[in-house]
Structure formats: structure tokens, C-alpha cells
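Take a look at the structure below.
All chains are identified by letter, namely A, B, C, D and E, in their written order; residue positions are counted from 1 within each chain.
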Amino acid sequence: MDLATFLGIVAGTALYIWAIGQGGSLLNFWNLPSLAITLGGTLAATLINYPLSRLVGMVGVAKNAFFHRPVDPNETIATLTEFAEKARREGLLALEESVDQLEDDFLRKGLQLVVDGTDPELVRSILETELAFLEERHRAGAAIFDTMGMLAPAFGLIGTLIGLVNMLKNANDPEKIGPGMAVALLTTFYGAMLANFLFIPIAGKLRVRSAEEILNREVMIEGILSIQAGDNPRIVAEKLRSFLAPSQRATRRRDEEGEEA
Amino acid sequence: MDLATFLGIVAGTALYIWAIGQGGSLLNFWNLPSLAITLGGTLAATLINYPLSRLVGMVGVAKNAFFHRPVDPNETIATLTEFAEKARREGLLALEESVDQLEDDFLRKGLQLVVDGTDPELVRSILETELAFLEERHRAGAAIFDTMGMLAPAFGLIGTLIGLVNMLKNANDPEKIGPGMAVALLTTFYGAMLANFLFIPIAGKLRVRSAEEILNREVMIEGILSIQAGDNPRIVAEKLRSFLAPSQRATRRRDEEGEEA
Amino acid sequence: MDLATFLGIVAGTALYIWAIGQGGSLLNFWNLPSLAITLGGTLAATLINYPLSRLVGMVGVAKNAFFHRPVDPNETIATLTEFAEKARREGLLALEESVDQLEDDFLRKGLQLVVDGTDPELVRSILETELAFLEERHRAGAAIFDTMGMLAPAFGLIGTLIGLVNMLKNANDPEKIGPGMAVALLTTFYGAMLANFLFIPIAGKLRVRSAEEILNREVMIEGILSIQAGDNPRIVAEKLRSFLAPSQRATRRRDEEGEEA
Amino acid sequence: MDLATFLGIVAGTALYIWAIGQGGSLLNFWNLPSLAITLGGTLAATLINYPLSRLVGMVGVAKNAFFHRPVDPNETIATLTEFAEKARREGLLALEESVDQLEDDFLRKGLQLVVDGTDPELVRSILETELAFLEERHRAGAAIFDTMGMLAPAFGLIGTLIGLVNMLKNANDPEKIGPGMAVALLTTFYGAMLANFLFIPIAGKLRVRSAEEILNREVMIEGILSIQAGDNPRIVAEKLRSFLAPSQRATRRRDEEGEEA
Amino acid sequence: MDLATFLGIVAGTALYIWAIGQGGSLLNFWNLPSLAITLGGTLAATLINYPLSRLVGMVGVAKNAFFHRPVDPNETIATLTEFAEKARREGLLALEESVDQLEDDFLRKGLQLVVDGTDPELVRSILETELAFLEERHRAGAAIFDTMGMLAPAFGLIGTLIGLVNMLKNANDPEKIGPGMAVALLTTFYGAMLANFLFIPIAGKLRVRSAEEILNREVMIEGILSIQAGDNPRIVAEKLRSFLAPSQRATRRRDEEGEEA
């Protein structure tokens, strides 16, 4: 579960409920047609912009911003070092059984190719192609939220224009201008909230998560190729740790003492 | 037919008709001179921006956003695998007859070059040049809609300025200020709707469709060159599937059991 | 003459004269000081931004958006194919006389280098350097109009601020507020029109024309080098046509029947 | 300590306190709910956008904009020249002791690799990988402030919309409209100040500091490799100085006369 | 002296003085606290954004936009051709004396390296490194003005918000609203003028000047290496002229007749 996403949404919502309550009633800010204009218009334009299949896939992508299990590259490195040791001691073929039990599809596929005796250049090329397409899919997923973050304020403004035109056309009673304007402004409010509180930050979180996952898979590729090359397990571990920030490598000593591996 | 485009336009239009009806009359939102100022100004500026020939070609491009027959790369892969098998069994020349019956111009041209015994490097170079120019034409087509999506709000604003100046110059009667302002705001409304509900999402859909078509042709190029190299049909199929997302490869088993191929 | 540019300007101007006339008098929209503030400010800032020499050269560049003789790459291909045939029959030296009669400087210079027996690598390098600098000059020319398209709305806003400040300072008479505001808004109107109806679309047209001319010269470079390499004239024509979109190649059959060449 | 950052914040704050005092009371500009809406909304959206771990790390990054000890590449060059001389006179192994006393982790790690007799290609590859990830971390740190600089004005606008809606809904008393509007505008004021006076300039300063540090480490890499290659100390110094701007090299003569080295 | 910069500033200032005088008094547009808020805020934020040393260096950079002595690459070419002739006749060592008298540091350093018999690859590498860092410094100098051009309108808006809040809080007297609003708008006016009339165009001019100087130095590098290679002086001149636009080469014939060289 992505703690920060939940924390941000819960704290932000609470804050805004409190802030609105300070100066008026929450009911002032609830208007179904206004929400329909803003959110509905955004969704309709998004449908025109993207094929149905991709929008359906987006639901799965969005979950990543909320229910992402953080990837720990140190675990990946520990696993790969273990495999490197076994390969050194017992040969590449001895890895077969353990490979089958790996959870991660990417790692299992890569090590399976190594066990099958595939040419190293081909292993790298297959894994890098897979990684490039994964990156592209992640990018496309975040782009949908970026698009929605751009459309929501626009449809908020459109809603306000609709409200203003209706209000001005019937403006015989100056008493009603104030409340009419208040309702008209609600769509702009909804559009700005949807964009800045949901769509744009979710797109940002997806990009951060994508970068983490891609780094983790780059570590895997290097590790798999090192194992195939028969490198010394210590050198494998050292090489892979150079992919991490010093702060991420904090657990290094523990690894070396075998507490985790 | 692109379902999402139609769905988006129909649902969005219905939504806006309903939403406008909530607070006033649809007639308030119909004003021919306002539409002429916004749409006419956008089209005039687009004429200055692009040569006539390209604008005429744009009509064909725009149809892609509405009547696009989705390309299934799995079909392309099945066809190419079939050709690979035949080539292996009966030689490259045996493909000639089947090649003539191919619907896709690009695939037919590429395989014809192979049957004619063209040098592999030249085949790749010719097909990649063709693909690069196709990509450029797609990009240019989407760019026209991007330009219109940028111009429409600007001419909407210009229309509102015209309305405001006219209203303010003759503003002896405060009673008329409200309705006059309502009409002036209509062009801003039209400009925002044209941009965010049509031009920008259509440009987006064209880019998505272009990416799909280009991916499909990259699959073709790889397949054609594999056939020419005399690769094993199973390896051809495996290689080409690595271009697809795992979800797109769902039909894999079916293919292998020959249900589709 | 660039038909679309003229059509756009004439149709757009007529449309706006009509639209303004619908709601008021054209005279409301004519105010010399307002125009001086907007256009003069834009030009003064452009002078600060660019050296005089480049602004003088801009006049010649701007003409390209209006009086551009469309380049037909098919003609270029026909000419080059003709030269290829002659070179094959009578040798490279036999081209000398016809080369002198070529109108296009770039083509003549390139073929002259070939006739002079210059090394192919050097021919390519000289022509590509020339092309790179041409592209850079085109880009710089369009950039001036982009800059003006960005400055004009800013100086329109500045003019409106000047008008508002003057109006508000002297606002003893509420009757004058309306007309005063109308005049103040005129500079924003002028700025938006200059940017969206002139500067931005002209920059766009210049970029399109530049791309066409550069493509045409790329065709020339390939053709010149093919002639020098002694390629078969049919192959030269085939190679050069791959630079064109299928629609541009429509005249292909005609060429082949020799109706144009 | 980064003098300019403190100077800018102190002088800017003093200036704004004075300027506000000119036309009214400072108390007019203090409103806790308004600040909570703007800053709280920005922080909540930032939490959604970034993982907790990165936001915690940001505090350390932000300190760089305030408490940065300027890096002097001339010192680095002097140190490296000294090492080059010693290595020439007494051999690479003689460096071991002095290397242990180096404060800079990067320099120590690099020279240690040289002393250990690591292959030059590997030394370069390890140090450049480390540098690339450092650059990426710096970039990511500045990006958080960029994001906050984009979100703050948006939440300022949202706050103003909340204030306006509340005010308009209850607008029975025209006397209260003025003060209500004043409070509503405060969030826009806070958002603009936070973005333009803090977040955006801090992001800028972090980028400048990052560029300085990276340049300094590039000097280190070149120097370390020159030492390993056994280059003449004078040539090492000359090579490294070519990384600096002429103005930065002002202390050159001093170095040569040994005043600093 | 850069004529266009002065012309633009003088003509623009005169125009705005005239335009403001048309509708009111110049005194309406002078307000020291407003200027302090806008310019002071911009400078304070710039201090936070950049280190002091770079801001001090900016003064020297800014002078380039005003007192730039235009570089004539034809002169550079003439000088280099002369050197090439001398080197051919009397050998590279004969250049030593004339090299010492060269005014341009870059040219002198490069030719000195040639006279010293430095390896051609090293000469190119040293000069290109120097050029890359020069380009980077130019870019950074223009970036400061870009930053100020972005900050000035923001602080103009902040000033207007301060004025509005103060005005609305004390708005008992409707008579004072007009003039109060006028003063509040002045900061937006100052911000827009500073950005669009000074900072942005000066950044633009600096970029143009930088490009000219870099082109001139690229000509120098090519010329120096040609001299070292012992190329024929005529070919040196021909090669270097291909860097110039045809219009810049206008003085070619004169050069050849030796009128200048």
C-alpha cells in the first residue's frame, strides 16, 4: 500500500472540509450538475482521446498509485548474489529448480534463458526489448492522467461559462446574481481540485513508481548477465550496488553478514 | 469504427445538452455570428498556417480518429509465421502467388522485394525509409489539430473582446449589459468546447492510432527480414511476439493451436 | 503565390468585418494610439531581441509565406533522372553544358562538383553542410515571428493596463467608464489578432515551406550522388520517389510514360 | 552558508513588510485558514505525487540551497596535482596513506581504486555510473520543488474560489463583500509568494549547485585517470584547468607559484 | 554598440511616453512602492535562485546586449587565409611572431598550439572543450534573464494582490476604489513592461550574439586545423566560407581581389 498517497488524500480532504466549514457550509460546495459537467466532460474528451482498451487498462495502472508494494532492489541483489554463488559452485544448470520458484516474471524469464544456454547477446537484447516496452506502457499510463489533468480545468472553465451565460441571460433580479455566480464558480473549483489534487499528482506518482521498477529491472538484467558470465559473487553484488543511491545501500553491511540473504 | 470516439462525442454532447438545460435554455447557447467568429477565425488562421494541399489531406487523416479499423498485430504475426513456414518448406520463390493476394500495401511491397531477391540491407533500408515518412505524415496530421486546438480558444477570446467593446461603447442602458455580456461570453465557450472537446482529443487519438500502426509495421519489417534470413518459423513467431505487451499476447495459445492462423 | 495564405487573410478579414458590423460599428475598433502601443511595443521589443541585419532579412523571409512558388519534387526527380540517363550514355563530363543552364543554385553547384570530379564523400559533406545552414536560417526566420506572436498579446495587455489606470484615476464620471474600458480593451484585441491571425500562422507556414524545400534538397543530394555513382537511371528514379508520400507520387505513371520528362 | 539565498530571503521579506505597511496593516495579510488551504493543499498533493521516503530526503536536499559550502574546483585541482607529483616520484602505491585522509568520499573511492590497481576502463565506468546516479538524485530533488512551485498557485486559486463561493452564497450584505473578497484573495497571494519567492528559486539554486558539484566531480574523474596514466603533473593541472571558465582560473598564477598548493 | 538594442529601447520608451500622455498624466504611472515591490521582489527571488558570483558576472554579460562589437567572420577568414599562405610558404614555425600579435585569445591560443607542434587531435579537443564551456556560460547568462522575465510578471501580480487586499479591507469609501485599483494595477504594468520590454528581449539578444560568436569560433577551429594540415590557402578559404550564409559571403569577391586581406 502506498502510504503517502493515502495520507495525502485523507489529510488533504480533511483539511479542505475544515477550511470550507470555516467560512460557510459544505453544502454550498455540492452541486451534482456542476460535477457532471466537469468530470463528465473530462471523461468524454478522454474517451475521444484514447481507445477504450487503453482506458480499461488504466484502471489497473491507477491502482499502482494506491496499492503499490514498494520494490526493494536490495532484495533483488541478495537473490541474484545467491544465484551467482550457486551457479559458481554447481554450474548454471543447477539453477533450474530455484528459477521455477521465482515470483517475478521478468527475473524468472531471464534466468530461464540463461539456464537454457541462450547466447548472452540475445539474452540482453530480449530483456532490454521487454524493458523498453514496459517503460513505454508505464509512460502511456501516466500520460492519460496528464491529459485528464489538463482537461479538467478546461471543462471547469466551460462549466463556469455555461453558468455565467445562463445567469446573465436571466439577470432581471440582481439578488440572484450572487448565488448564481457561486454555482457557476463551482465547476472551476471542481476542475482545479480534480486536476491538482488527483490527476496531476497521480500521474507524478506513477512516474516515480515506474522509475523505481525500471531501475530494479536494470539491476536484474546486469545481475543475470553477470551470473551467465560466471562472475565472482562478491563482484556481482558490488556491481549491482553501484546502481543504488548511498542511502539505499544502508543495508549493505547486513547483507554481507548474511542477515537477510 | 472507433467506438470510444463516438461514445465520447455522443455521451459528452448529451451530457452538455442536459447540463445546459438544467439552468436555462439551449437557445441561449446558439448564436451564429459567435460561432462564425470562433470557428471561422480558427479556420482562416489554419489556412494561413498550412498549405491548401495539406488541409485537404487532413480530412482523410481526421477520418482515422472516427473510422479506424483497429490493427491486430497478432494477425500480422500469424500471417508472417505462415509465410515463414511456406518459405522454409518450398523456398522464397514459392511465396510469390500468396504475396500478390496480400491486402496490406506495406507487407506486400516488402515481401515482393524478398521474393525478387533484393539484398537484405536494401530491403530494410527501403522499408524503414517508407516507415519514417509515414510517421512524419501522421505527426504532421495530428499537428494540424494541435494548432487548431491552440487557435480556437484564442479566437474565442477575440470574439468576447469584440462583444465587450461593442457592448461597452453602447452601454447607455444598464439593463442590456447582462444579456450583452452573455452573448460576448459565447465565443469563449465555443472556443473552449472546440478545443477541448474536439481538436485536442482528436489530435491525441490520431497519435495513439499512429503509434499502433507504426508498431504493426515494425513487426512486419522484422518478420519480413526473418523470413528472408530463413529463420525457424517458431523463432519468427517468438521474436515478433516480444514486440507486444503481455496483455496483447493473450491470444498466444490460441495462435499456437492454430485456431486463428 | 501561396493561395492558402491569401485566402486565409482575405476570408478572415471579411469575416471579422462582418462579425463586428453585426453588433456595432467598425469605427469602434479603430484607435490609432491603441494600435501604436500594441504594434509599436512589439516591434520595439523585437528590435531589442534581434540584430538589425536579421530583422531586415526577415522581410525577405516573410515573403515566402505569401509568394512561395511551390516546389514539385517530381520535377526535381525528372530532371535528375534525365541527367542520370545522359551521364550513363555519354559520361559525367557530358553533363557540363546542361548543368550551366540549371536554375536552381543548389542543384547546379552539386552537379558542377560532380562534373569537376570531386570526391563523393566531399560532395556529400559540402552539400549537407550547406543544407544544415539553410535549415538553421529558415528556423531562425520562423523564430522571429514566433517571438512576435508571443510579444503582441503581452503588449496588448500592457496597453489595456495603461488604459485602465488612466480611466480609474480620472473616474469621477461613471458614464465614461464603459467607453473608457472599451478603448482599453482594444489593445488586447489588437494583440490577440496580430498574434493569432498573423504572426503565429505565418511562423507556421514558414516552417511548412522550409520542410518542403529541405526535402526537395535532400532528394537532390541523393540524386546527385547516385548520378556520380553511375547508378541505373530507373533505380535513381525509384530511390528518389521513396522520399515522397504515396499521394505525391501520383504523377509517377505520367513520368514513366515520359509525358513530363 | 549560501549568502545569496539568505540575502534574498531577508531583503525580500523586509521589502514586502515595508511595502504592505505603506498601504495598510500587516494584519490584513495574516489569515491562518488561508495559509492552511494553500500550503496544506500543496503539501497534500505533493504527498500524493511523491513517495514518503523521497519527501523525507528532500529536507536534506533543501538544506543545500541554504547551507551549501561552495566547492572550489581550484582546490580539487591543487590536490590532484599534488597527488600526481607524488605518484610520479614515488609510485601509485605511495598514495595509499594520503588517500585515506581525503575528506571527499568520491575522490577517496576513485583514488583507492587506482591504488588497488583496478583497470582504468573499470575505474572510469564505476565513477561515471556513480556520477550519473548523483546527477539523477539532484535532478529529482529539484523536481520536487518545481512540482510544489506549480501546485502552490493552483491551490491559492482553489482557496480563492472557496472564499468567493462562500461569500457569494451569503451575500445579503453588500458591505461585507469588500472584506470577504480581500480574504478570498489572500490564498492567491500566499500561493504566488510560496511559488515565486520560495519553491521556484530554491529549485533553481539546487540546479546551480548540482551543476557546480558535478563539474567538480568531472574534474576529479579526469584527474584520477591522469594520475593512473602517469601523466606529467604540469599536464594534469593544465588539462583540469581547461574545465574552468577563464574567470575561475584567476588564481592560476598563485597555484603555480605554489602559494596554495 | 548594438544599434538595434538602443533603437528599440529609445523608440519604445518614447512611444510609451507619448501613448500614456494621450489618455492621462505620466505621473499616474510613477509609484515608487509599486516599483519596489515588482523589481525588488524579482531581484530578491533571483538572489535566491542564483549564487552571488553569477549575478555579479551577469552585469558583464548584459553589456553584451548593449555594447556588442559585431563579429565579422569574413575578417576571421581573411586572417586565417593569410596565415595559411604564410605557413605554406615559410612553414608553421614562421607564424610564431604574427600569432603573438593576434588580439583574439581563442585564435592566438589555437595557433600557438599549432606552432608548438601539438598533436592535431589534441588541438581540436582542447579548442572544442573551451568552446563547449563558452557556450554553456553564454547559455547560463541568458538563462538569468529568462528567469527574471518569468519572475517579474509574477511579482507584478503579487503587488496587485497586495494593493487589492489593502483597498478592499478599507473600502468604506466607494470614491476611493477607482484610484486605489489604479495604483494596484501599476505593479502588474511594471512587471509586464520589465519582462517583455527588457528581460525577455535581452535574453533573446544574448542568445543571438552567442550563436554568432560560436559560429565565428567554429570557423577558427576549422581554419586552425586546416593550416596545421598544410591545406592549400584557396581551399582553406573555400572551406571556411561554406560556414556562412550566402548573404554573409557577399564580400567574397572583394576578399579575392585582396582589397581587404
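The definition used in the following text is that a residue touches a chain if its C-beta (ideal position, glycine included) is under 8 Å from a C-beta of that chain, and two chains touch if they have at least 3 such contacts.
This is a predicted model, so every value here is computed, not measured.
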item: Partner chains shared by chain D and chain E (touch criterion as defined above); value: none
item: Angle, in degrees to the nearest 5, of the Cα rotation that carries chain C onto chain E; value: 70
item: Computed distance of Cα centres, chain D from chain B, in Å; value: 43
item: Computed distance of Cα centres, chain B from chain A, in Å; value: 26
item: Residues of chain B whose C-beta touches two or more other chains; value: none
item: Category of the chain touch graph - line, ring, star, complete, other; value: ring
item: Ordered ring members, chain C first, chain E second; value: C, E, D, A, B
item: Chain A - residues contacting chain B, complex; value: 33, 36-37, 40-41, 44-52, 54-55, 57, 126, 129-130, 133, 137, 147, 151, 154-155, 157-159, 161-171, 183
item: Touching residues (chain side chain C, partner chain B) in the complex; value: 2-5, 7-9, 11-12, 15-16, 18-20, 22-25, 28-29, 65, 70, 178-179, 181-182, 185-186, 188-189, 192-193, 195-198, 200-202, 204-205, 208-209, 242-245, 247
